[in-house]
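Shared between the two complexes below is subunit A, which pairs with subunit B and subunit C, respectively.
Coming up: the complex of A and B.
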């Protein structure tokens, strides 16, 4: 391959720089708004803060209800529990379903796979009305269980497809070897297949967690009591129709993104393995 | 340790037959090799013994007991796969101990140590399969089978992923292991050299039908038909059609004598190509419009030569069956 000329290199770097700025500027603005006192929306050319205060963070974290309940604490817990449970439900149901779909032919297999895909094609908004009616009938409106079920309707099919795809790449010989070694189906699944699918489980779980963590529309539809709110609803609350607390909004936005970032770092190793899984023969 | 008997065993996929009426008795402690070209049903037969394939009709008995309906894990049969099928997330030690640990066997550690010593795997016990060479993986796969002390060992082309020198080395090792353990063994390969060197008895399969069962010498010197004659021996037997009507005349390359030494008629042939192999040479000849190979020691001939045959065989041109 020929080394590109200096002019070409300069142009490439200018393009890269432009894209980098485009991506970084909004993030820097959010940081700037969060750490500068005041609530105004200021889109200045200078993305760096000119003054520094943690007041916005303090305000957001210490939000309390009229009766003195620590709202932010509850809302953070809601988000964690709902997202964690969605990921857990998704993984538990999807790993067995994905394995069955990967390994056995049975009547209705193709149809099931197709239906799973179909559910992914509808946007959340469109599903919100029927889901609302279902939850109302089941008496699960405004509950964590209800929202977890709602999120599972999208996380389970996605996770099933994802895990089925990964199970397909695990050689059948390994299972046959385990069966000859004296393992039953369940032992083979838990001792051979699941440990080997760890990267895929990490990616799938993380994806389900993040989707639930960031979801706004369905949460806003199903939850009424602010003590049950998840963080995206809280975020939206700072920028209303008549008043906009941009400082608080920015501080809250940063706080909301912290857990996901931490999770990402923890699972990073598995993520890379998972995303390239199957590409290299072991 | 056990005997193994096939009684009119058939295997069909839907309406497609893969194995036709297989009748075979394997004695206790015997080393039987199934050979045939790819798609002949040898691997299917092996998987039927393992229980990984069901039998469509007939009966399979292991140690005198019918096992048609017995699950793989309850057959007490160990298998070495072509791909080795080592558990990638387990160390060599864990791989070898897996079967015994499932059964909570009290001597697991001792048995693993024993097998590791036998296969010289002691220094590799804490490694993972991906850190091993092909030959080492193969030995771990054998170790995993050995620690169980099963009734029967099954090998599915275990050496086909290795290079020639390693293959030869492991062949010797396999033979030695079998002498030590004396476990009934069924070994599948498409390589007739492996079959000849390893087997007590060889089973030659073609299109799902057993062609001949016999010791390596029986198959080599008394082939039942043209398929067996052509399959066993390297380079393979020469078949000439024009010497006798309605009959293929078969002559092994070492029975083609150039310049005399044979009995019977003398033919004139052209030397086309000579492959030198050091001690000996393979001489490719043209006899009329038919080709044949002669194995020659010493200086190879050139040009037009006279040749005669030592031992020759006659096979029916229609059915391929051996004629007296």
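Coming up: the complex of A and C.
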């Protein structure tokens, strides 16, 4: 395709730059609030910091419990473990289901696909009370296991659906060849299909990870001990009923966002390939 | 006898868990008190657990009835009526612990004492000594002073003028109040109307618009607010360099009565009875602990025997003599929203005091409408049985006809995901949906009355923002507009970012997906700040082009636009990435061929690229629209439904009915079921429009 004229090129670049700046504007504000000393919500036009201090970060990172336990450390670890386990469990549940739905026309397949979409239509904020009762019955309240199970099952519909879309794009000849060589279904799946689906697995896992990493309402309802808290609960704690520590909030927000942003950038290439959002074959 | 002793000893040598939402100095004070108690009582462990304030009440309500809550917890007294009824809190001995009478009054309900008072929180008048040498003693003096000080970006009085809590002092000072006249709820009492008029005058003359708590703090610290009404929590936010004072609220000139703000009494409540918990609870409220809480936590302690040296704390204690305990009556929770709505309309100048008063009263009536009549469950069971039989008749033969055994392996592959989802997603939803057939207490079966109330818009005219149909229209418009913008922007950017001649494509792409990576509740709060009328960045940018400041949350169209802008910002990266992915699998030679045939850029996109993109975009669009339909965070955090609930979506309405309008669980569950029904219909229509089964 030929390159457009210089005027058009400049215009396109200016437009891209403008959109990017607009996109960055709110993010810059968070940075500004975090690095400027004080706890006020900054409401000025200038999104760049006018003074610099790391005090807010120091305060946030150094929170300790009454007995000297390093709370922030534990909470970071909890968040990592819960989100990581969610991604792993979610992927394990979703990959076999996605593969079965992609390959085999068993009775009830259409209905199962329909059910996956239906679960996306449940109004989420109304589910916390019944979920609490269920976990309570199962003795999983106030445990990481309970939260991991809830998060991973919540992530299953999108994960299954996205993986199915990707499996659809993998030609069937590969499996047929392997089957001819005497490999079973399971071997074919683990040895041939899964390695090929790596981009989709990465993206699907990232999604499950992020949704668990950012979730606040369920975590705050289900966990009862500060040492088991995840970071979003702590983050919300900075903006309380009567007073708001915006500086601490912003600093914590940056600390919470950084790992996810880094993951995003690392997986960027996969993101474009692996987010099939339903394949061409349907 | 012996077993009783053993039990008592066991209870004493245990662990006492205490939940609280304290931060900073108050938290340190509580924790060091817990440590002191442990030292003095070997064998006892005291575990203070911090729970964020917005989660504390919900958590208590969920945990305590199941026996998994704390022994003690710290909370304000305003939920005593409800909590004592549900046995979330237990009565304590009615001792005289040397507390201010108003604190004791606040904790007395139904002839019993609930909890030990720790501290009191009520508003008083903060003033900047550089601008206000002597605090005004009457409202006339206050208004005159505030008017003379309001000029050139400075305001005489800055407080949360639309908040029911902050204005309670004026209501009582004019002889009114929520329960004015001594009977039931009387939001339209003549004394209240007089107070509304006074508040409206303040709002329109000396108070800046949309004053949020954060803005009040900022303006007062910058010397741009001469006075403010605020509580003791404000002390922690004051700039140490500022010279300020605190005084009791002035006397209302029209009535000669002192303005009496609400006082909320923070108490330690007993959730699980044990000798140890009771001893600790009483000790935390006694003078010795109160002194430490005052010195280290800067609390306005309820113990009047403790000497106060800090002038600010002593001013707050003085205000206690003219304060009204936050009512604990069962009707109280349902009065907040009507009153807040009335105040928002008043302070925007959108309603006269009389109109706002009568609206508030009738809105209150709607919120407290008696539960529907009980219904017989038998017809419903009959219908349910028929439906089950129908499903069996429809799908049974299909399953039996196919050799199930042949596909057994496939079911095994799907089973883990299916089981997990059924247990933890489908089952909770069905449980929640079942509530919709019961009254709001969850005890009486009422059949489909909630559904009829909602669908027939029984409580509101069809066109009122509160009616289901108006909200549905807003929700559909919201969904359509968002999806159109997400797709439009996402596809445009993706088309540009795939061109090899664009410089730094990687950098642009990386930066443009940033909104997706940052948690949405963080950015939603930031966007809300940017839309502030006087101090937000958006109006400041518009001012560069000579546009008058826009009051974004005062009219439906601008509030809707603000929500839309925020959600577009959040949502376009997803569509951009989906499109980029889909574009990779589209060979460009087709476009080149079209270019050779003389097709211009738009024609090439419209007739070559778009049809190829469609299969990948359609599922993303359908899923995206389902998510947008139920997008709760943005509405709740940005516009908050303003003005007057007109920008609320179905999901935020459901949430309000369940949690902020006096716990109408049955009604809210019915809303949730209807939302689900609407989406199911939408899914069918979307599939039909797409011409094939997309999902």
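The rule we apply is simple: the second predicted complex is superposed on the first by the 251 of 282 C-alpha atoms of A that agree within 3 Å, B and C clash if a C-alpha of one lies under 4 Å from a C-alpha of the other, contacts with A are read in each partner's own complex, and residues count from 1 in each chain.
Operating definition for what follows: a contact is a pair of C-beta atoms (placed from the backbone, for glycine too) under 8 Å apart; a residue touches a chain by one contact, two chains touch by 3 or more.
Please read these numbers as outputs of a predicted model, since none were measured by experiment.
Undergrad: Aligned on subunit A, subunit B and subunit C: do they clash or fit?
TA: Once subunit A is superposed (C-alpha atoms), there is room for both subunit B and subunit C without a clash.
Undergrad: Touching A:182, do we find subunit B (first), subunit C (second), both, or neither?
TA: After superposition on chain A, A:182 lies in contact with subunit B alone.
Undergrad: With both complexes superposed on chain A, which partner does A:77 reach: first (subunit B), second (subunit C), both or neither?
TA: neither
Undergrad: By the touch definition at the top of the document, which applies to A:18: first (subunit B), second (subunit C), both, or neither?
TA: neither
Undergrad: Mind working out whether A:253 is in touch with subunit B, subunit C, both or neither, as first, second, both or neither?
TA: Second partner only.
Undergrad: Spot which of subunit B and subunit C makes contact with more residues of subunit A, would you?
TA: C
Undergrad: With the two complexes overlaid on chain A, check the angle at subunit A between subunit B and subunit C, Cα centres, nearest 10°.
TA: Roughly 140 degrees separate the directions to subunit B and subunit C.
Undergrad: So, does A:220 touch the first partner subunit B, the second partner subunit C, both, or neither?
TA: Second partner only.
Undergrad: Applying the document's definition of touch, where does A:54 land relative to subunit B and subunit C: first, second, both, or neither?
TA: A:54 contacts neither subunit B nor subunit C.
Undergrad: After superposition on the shared chain, which partner residues are touched by A:171: those of subunit B (first), subunit C (second), both, or neither?
TA: first
Undergrad: Give, as a whole number of angstrom, the minimum Cα separation of subunit B and subunit C in the superposed three-chain arrangement.
TA: Comparing every C-alpha of subunit B with every C-alpha of subunit C, the smallest gap is 12 Å.
Undergrad: Of the residues on subunit A, which ones does subunit B touch that subunit C also touches?
TA: Dual-contact residues (subunit A): 282.
Undergrad: Going by the contact rule at the top, pick out the subunit B residues touching subunit A in the complex.
TA: It comes out as residues 50, 52, 71-73, 77-79, 81, 83, 85-89, 98-99, 102-103, 130, 144, 148.
Undergrad: Report the residues of subunit A in contact with subunit B in the complex, numbered from low to high.
TA: So the residues of subunit A in touch with subunit B come to 171, 173-174, 176-184, 187, 191-192, 195-196, 282.
Undergrad: For subunit A, which residues count as touching subunit C in their complex?
TA: Touch list, subunit A to subunit C: 1, 3-4, 9, 12-13, 15-16, 19-20, 22-27, 29-30, 39-45, 47, 66, 92-94, 96-97, 99-101, 104, 106-108, 110-134, 136, 141-142, 149-150, 152-154, 156-158, 160-161, 165, 185, 210, 214, 216, 220-221, 224-226, 232-233, 235-237, 239-246, 249, 253, 256-257, 260-261, 264-265, 268, 271-280, 282.
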